[in-house]
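Some structures to go through are shown next.
The following pair of complexes shares a single chain, chain A, combined with chain B in the former and chain C in the latter.
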Partner chain A sequence: MNPQLILLIPVLPLLAFLANGLFGRWLGRAGGWLAVLCMGGSAVIGAVLFIGALGGRIALPVDVTLWQWLAVGDLSVRVGFHVDQLTCLMLFFVTLVSSLVFLYSMGYMEGDPGFNRFFAYMGLFDFSMLVLVLGDSLPVMFVGWEGVGLCSYLLIGYYLALPGAADAGKKAFIVNRIGDFGFLVAMCMLFKATGTLHIQTILGEAAAGANPLLRAGGAFVTALTLMLFLGCTGKSAQIPLFVWLPDAMAGPTPVSALIHAATMVTAGVYLMVRLSALFALAPATMLVVAIVAALTAFVAGSIALTQRDIKKVLAYSTVSQLGYMFLACGVGAFVAGIFHVFTHAFFKGLLFLGAGSVIHSAHHEQDLFNLGGLRRAMPKTAVTFFIACLAIAGIPPLAGFFSKDEILWQTFASGRLGLWVLGVVTALMTAIYSFRAYFLTFEGESRLEKAHGHGHGDAHGHGAVHESPATMTIPLILLAVGAVGAGFLNLPPLFLGGEGKEGVVSTFLEPVLAPAREIIAARAHMAAAGEAVHHGAGLEVGLMLFSIALAVAGLLLARHYALKAWPAAADRAAHRFGSLYQLSYHRWWWDDFYNLAVAGGLRGVARLATWFDRWIIDGILHTIGGLASLGSRALRGLQNGQVQSYALGFLVGVNVVVWLVLWF
Partner chain B sequence: MEFSIEQILHSLRLTSPLLVLIFAAMAVLVADVLLPRAHRWTLALIGMAGIGLALVALYWARPPQPMDTNYLELAFGGTIQAGYLTFLAHNVILATGLFLILISPNYLAGRAVPHGEYYALLLLATLAMMALASSNELLTLFLNIELLSITLYILTGIEKNNLRSSEAGFKYFLLGSFAAAFLLLGIGFVYGATGQTRFDAIGQAIAAGRILNPAYLAIGVGLLMIGLGFKLTLAPFHMYAPDVYEGAPTPIAAAIATGSKVGGFVVFFNLMAIVAGWRDLPQGLWVALYAIVAASMVVGNVGAIVQPNLKRLLAYSSIAHSGYTLVPMVVLLRRPDLLAEARVAVAYYLLAYTLMTLLVFGVATTLGPLGEGRISHYAGLGRRSPALAMIMALALVSLVGVPPTVGFFGKLRLFSVAIEGDHIRLAVLGVLASVASAFYYLRVTVTMYMEEPSPEAGERLIPAEGVNFVILTVGAVGVFVFAVFPWLYLFAA
Partner chain C sequence: MTYMIHGNLILAMAIFTIGMLGILWKRNAIAIFMCVELMLNAANLVFVTFAQSLGQARGVAVFLFVITVAAAEAAVGLALFIKVFNDKQTIEADRLDMLQH
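Presenting the complex of A and B:
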């Protein structure tokens, strides 16, 4: 494949951005179609690249160096792209899911006054994400990283008139800045250690083990990877920085789908897998990652159980699923982590677009308690949403089953049983909250009329709920196909006939992840003195059946509470587990805690800083400024408009120069 | 000296852009006579065609690719040279000429300015700027600088019924003649000390130590610095600049601030590159240049702070930027080994400075009488003309040196040379001066966006359409494009 074609992948969304941003006013609806076309083009190239690479027809890795960007002292940054197996996989699903979201937006955003602004932002968003994925050095990656942050800010705050939207956008931006700080510090540390910011060179040094600062288990590399992980917690919404993601719901629903499925939140996982060889050198960091991730999965899953806003449920679900991905990375199963990113993109994209479809036709009603019984009116949305729920809950053979079960199995196999228990409990909660959302929305009696009152609106387009247009249902159906089938790309060895056989994606990613695996294996080898822990296939089958049973139990529980005995049973349960219910419903008071402790503490510091700034800094500055002003006035005095005095000044200068030359 | 046909043809090829401009200037004058009632765009179009042809000629005679920063060819017995820096400067100057001709017709409408003379002189000034950059011999240098000066004197005072314009032209002429005397004196001293007038021959004499009298040479170089320093508005030879910029028609002020300086910078750089080869260079020359550069950065930035008039503010700003541009040349006197880095840094800054300054002047020109006066007239421009205000703000931010604009990367390159060449203090001074400059540049931005329009300026919407808008937009895009893709201009990185 021609490397120039790879360049088109990020360039096409950029084109969509430029066309809609500059000429949106004249393009109108055509601008949206142009964006869809551009993104679709990217997706086609991404798919050709991925399939070609899978079949071995395209030799990887491909490096494309574009130009020298800056050279300061020892630091030299080239703008270049590195395409290896990991990049291909990312490019494939990012462009695919994005193009479907673009198509969907054609229906969802129809008639919105900011139609072209929306598509411009979306194009820039995807461009940034693709630069992040493709960049071959940390600064280039950081450009994408920041670009994604900026676009998320713009898109979350897209509804200018919505009161909470601007705040939510700001929150996302600020929380992400904290993470970015970690990324920047890590970048500086890497530069100190290796003298370069080129990712492949750094990974090579990490794998070679010759660099004294990158010694396995060393303090420097541990601090460095912890800083990187701080960056990941910002972008990928982990404890303690996950609070921005649920608020990001203020943006239009397709944006949520894009943020949660294809772009942005996957960036942290991608970064960790990309730099897996570094993380592998720091077992302490890996442990921290695993613990934080398992806790995030659990906490977010428990919050999702009781939320009333359908988008909030899905948002916490994303946080929880991201926890799974990091859990996998934390126990060294990077393939399982990235594969869950891959499958999650399909079913989470589907869930969000399905929710958007509901919101679109139910007059912007997002409260689950006011929905219900929509399956009859919108069968396509209901069926695809149900498929997504099956997938996320882990019912075989849908995508989520294979990817999530692999993570749980790897966690179990790593011997961290506490984390495994958290993971399993989260799996049960996943099934409950997703089916709860499904049943409350699509089954049972419609509560929409009751909530909105009768009789009004017949004349104002407040007609009956109806299925969304084809531009919206086609992406739903295509994503459903992905949610069903994506799991088969990486079947566990068990299904493939035993040890030694690996799934397609595992084999595919082997060249990228081999260094990390070897580092971890070497350490395990030393620790266990050659005694590899071996689990039988029987145990694996048993655990698998156990998690299927949990998923089915979750489905039945949700059905009982949300459908059969609604709302009496749910109320009873809420009362019986009063404090737990409150804990979950109020999101563990996490935001309130931040408001009180962090924001409050910061306010105190800010007050002190203001005082210092006003009296000390400003005092100094005003003095300097005053002096400069005085000097300026003095110069203006000299500048009296008289040619004679100008000539005099000139002569003074001549004298100074000549005497200087002669004296020294 | 014997010339062969080949040499003459070679020389003509190297100077073909200049020749094209001469013919273009004549064509404008002839057309002015033949078509007395021509539309105001007709003459401008002829001028544009001339510059377009000159650009074609420039590429016909371009250096071999890929370009080497040490590339040098001589023409007409060594009086004219073509090198890396010269070639890039020619690009910038021609682009400047095109820009100025494009924004002029709308500006001249309704002013008592003879169009034929205006365009012809503008073309001749462009030619003189290019020729100045090509000078490789002291007398050629003097002729070119006089050609440039005389055209600019006339252009400055071309608005006959405007007293300020006439006054500015006259002041410029008086002080310019004054400076020319020092330049001539310097030429005499240098010739006396080395017996040579060609730059390359002087360089060989200096490098080989064939100097008749080192003190004469030092004084001569010092006087050349002064004479050229007048053109480059270096402190303390800058004092004419605010008055002249204020009085001259705005496009002409732009030409004085950008193109004429670009030519001057190239000659200055070439001279310093030669002097840097002097093994026992008198300490005093370095001290003197150091002092001039530091003074320019300080005077330019301090002086700009209280200027209520935009064109005066730009004059001081241009004094400061001349200081920045000369930083690598100060370093060069101590560290001749940094020649290549310094040359690339200066070449890049020529483009960066010209682009940013032209954008600000371009917006002022487009706004007409309103834009040329007090900064307070810009109040509320953000609402009255969002596009123009945006372009202006972008150019000002770039002048401050905020990434990711050309202004930032230009200064980064200049000060990097200083740091590499152990002139840390000069670099620190430059950065501090840039910080101070943020005050007055951003003050204009604040005025545009945060202040209510004054009653005299009114609430009237200013349409930003037509040629001016297109060319300003192109320039504004360039502020980013050349920042990210410097090789588009530098060819060799």
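Presenting the complex of A and C:
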């Protein structure tokens, strides 16, 4: 494959950005179609690249060096792209899901006054994400990393007039900055250790094990990877920096789909998998990652159970699923992590676009308690949404089943049973909250009219709820196909009549992840020679059946509470588990805690600084100024305009000087 | 010879002091102006005296310059007084005190 074609993948979205940003006023709706075409072109190249690489027809890795960016002292950074198996996988689904979201936006954003601004931001967003994925050195990656942060800020705050939107945008940006700080520190530490920022060189040194600073289990590499993980928690919304993601719902729904499915939040997981050899060197960091991830999955899953806003449910669901991805990485199963990123992109994109379709049709009603019974009016949205729920809940043979079950199995196999229990409970909650959202939205009686007054809606020309236009339903259907089929990609060829027990994607990614796997295997070998825990296939199948049972149980529970006995049973349950319900409904008071501890503390510091500025700094300045003012008040009496008094002054002065000179 | 120098210098000092005190005490601007002329001429007398006693022409040259400048200055100064008088109906120095704090 021609390397220039790979360059087109990020350049096309950039083109969409430039066209809509500079000439949007004249392009109008055509600008949107141009963006869709550009993104679609990227997706086609991405797919060709991925399929070619998967079939072994394209030799990987491919390195493209563009130009020397900067050279200062020992530091030399070139702008270059590195395309290996991992990059191919990321490029494939990022461009695919993005192009579908772009197409969907044509319907969703129709008639919006900022139509072209929207597509410009979206193009820049995808460009940044693709630079992040393609970059062959950390600074280039960082450009993309910051770019997605900027674009998320612009897009979350897209509805400029909404009071909450600008705040949500700022929150996303600031919280991300905290994470970026970690990334920057880690970059400096890596430069100190290896003298380069080129990723493949760094990974090579990490795998070789000759670098004294990158010694396995060393304090330096542990601190370094913890800093990197701080960056990941910012971008990928893990505890403690996950609070921005739910607020990001203030943006238009396609943006949420883009952030949650294709770009932005997957960046953290990507970074961790990309630098897996470094993380593998620091078992302490891996443990921290696994614990934080499992807690995040659990906390976010529990919050999603009781949220009333359909987009909030999905947002916390994303946080929870990201927890799964990091959990997989934390226990060393990087393939399972990145494969969950891959499948998650399809069904989470589908969930968000489905929710957007509902919101679009239901006159911007997002409260689950005011929706209901929409299946009859919008069958395509309902069916695709249901498929996405099945996928995320982990019902076989949909995509989520393969990836999530692999993560749970790997966690179990790693011997960290506490984390496994958290993961399993989260799996149950995943099924409950996603089906709760489905049943409350699409099944049962419609509560829309009750919420908006009887019949008033029609009189005001709102019209009845109807299915969304084709530009919106076609992406839904295509993503539903992905949500059903993406999981099969990692089926062992054995099942398809071929050879080998490893999944297709696992085999495909093996060259990228081999160093990390070898480091971990070497440590396991040293720590417990001969004590290798070997779990039989029977246990794996048993656990698989267990998690399927959990998913079905979740479905039935949600059906009971959200459909059959709604709302009485739900109310009773909320009363019986009053404190737990409050804990979940108020999101564990995370935001309030930050308000109190972080924002409150900063406000206290600011108040102290104000006092210091007003009384100490200003006091000193006012004293100096006041003295000068007093002195001049005394002296200005001398300037009385009487020329003769000045002459007297000369006389006296000259006499004094002359006498002084004569005297000495 | 020495006697003449002493006499001239004492006379010049007297004229200079009269001019200086006049500047401080007189109120009319023209009187002040005349006092300035007195001081200039006191200085001239010293120049001429020393030119004579030392037998050098330079002192006389300076004296000629000073006389010229004083004449020009008198012309400018008188013109200014006329303008000020037109404006303020007075040329008394203690009442022309607008240029103050």
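The definition used in the following text is that the second predicted complex is superposed on the first by the 592 of 664 C-alpha atoms of A that agree within 3 Å, B and C clash if a C-alpha of one lies under 4 Å from a C-alpha of the other, contacts with A are read in each partner's own complex, and residues count from 1 in each chain.
To be clear about the criterion, contacts are C-beta pairs under 8 Å (C-beta built on N, C-alpha and C of every residue); 3 or more make two chains touch, one makes a residue touch a chain.
All of these numbers come straight from a predicted model, not from anything done at the bench.
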Contacts of A:L662 with chain B and chain C, given as first, second, both or neither: first
Partner chain in contact with A:L417 - chain B first, chain C second, else both or neither: neither
Chain B versus chain C as contact partner of A:Q68, first or second or both or neither: first
First (chain B), second (chain C), both or neither touched by A:A647: both
If touched residues of chain A are counted for chain B and for chain C, the larger one: B
Which of chain B and chain C A:A219 touches, first, second, both or neither: neither
Touching partner for A:R636 - first (chain B), second (chain C), both, neither: both
Overlap of the chain B and chain C footprints on chain A, listed as residue numbers: 636, 639, 641, 643, 647
Partner chain A, residues of chain B touching it in the complex: 171, 174-175, 178-179, 182, 215, 218-219, 221-223, 225-226, 229-230, 235-237, 239-240, 242-243, 282-285, 287-288, 291-292, 299, 302-307, 409, 412, 416, 419, 436, 439, 484-485, 487, 493
Residue ranges of chain A in contact with chain C within the complex: 636-637, 639-644, 647-648, 651
Complex interface listing, chain C residues touching chain A: 20, 23-24, 32, 93-94, 96-101
Residues of chain A touching chain B in the complex: 67-70, 72-73, 625, 628-629, 631-633, 635-636, 638-639, 641, 643, 645-647, 649-650, 652-654, 656-658, 660-664
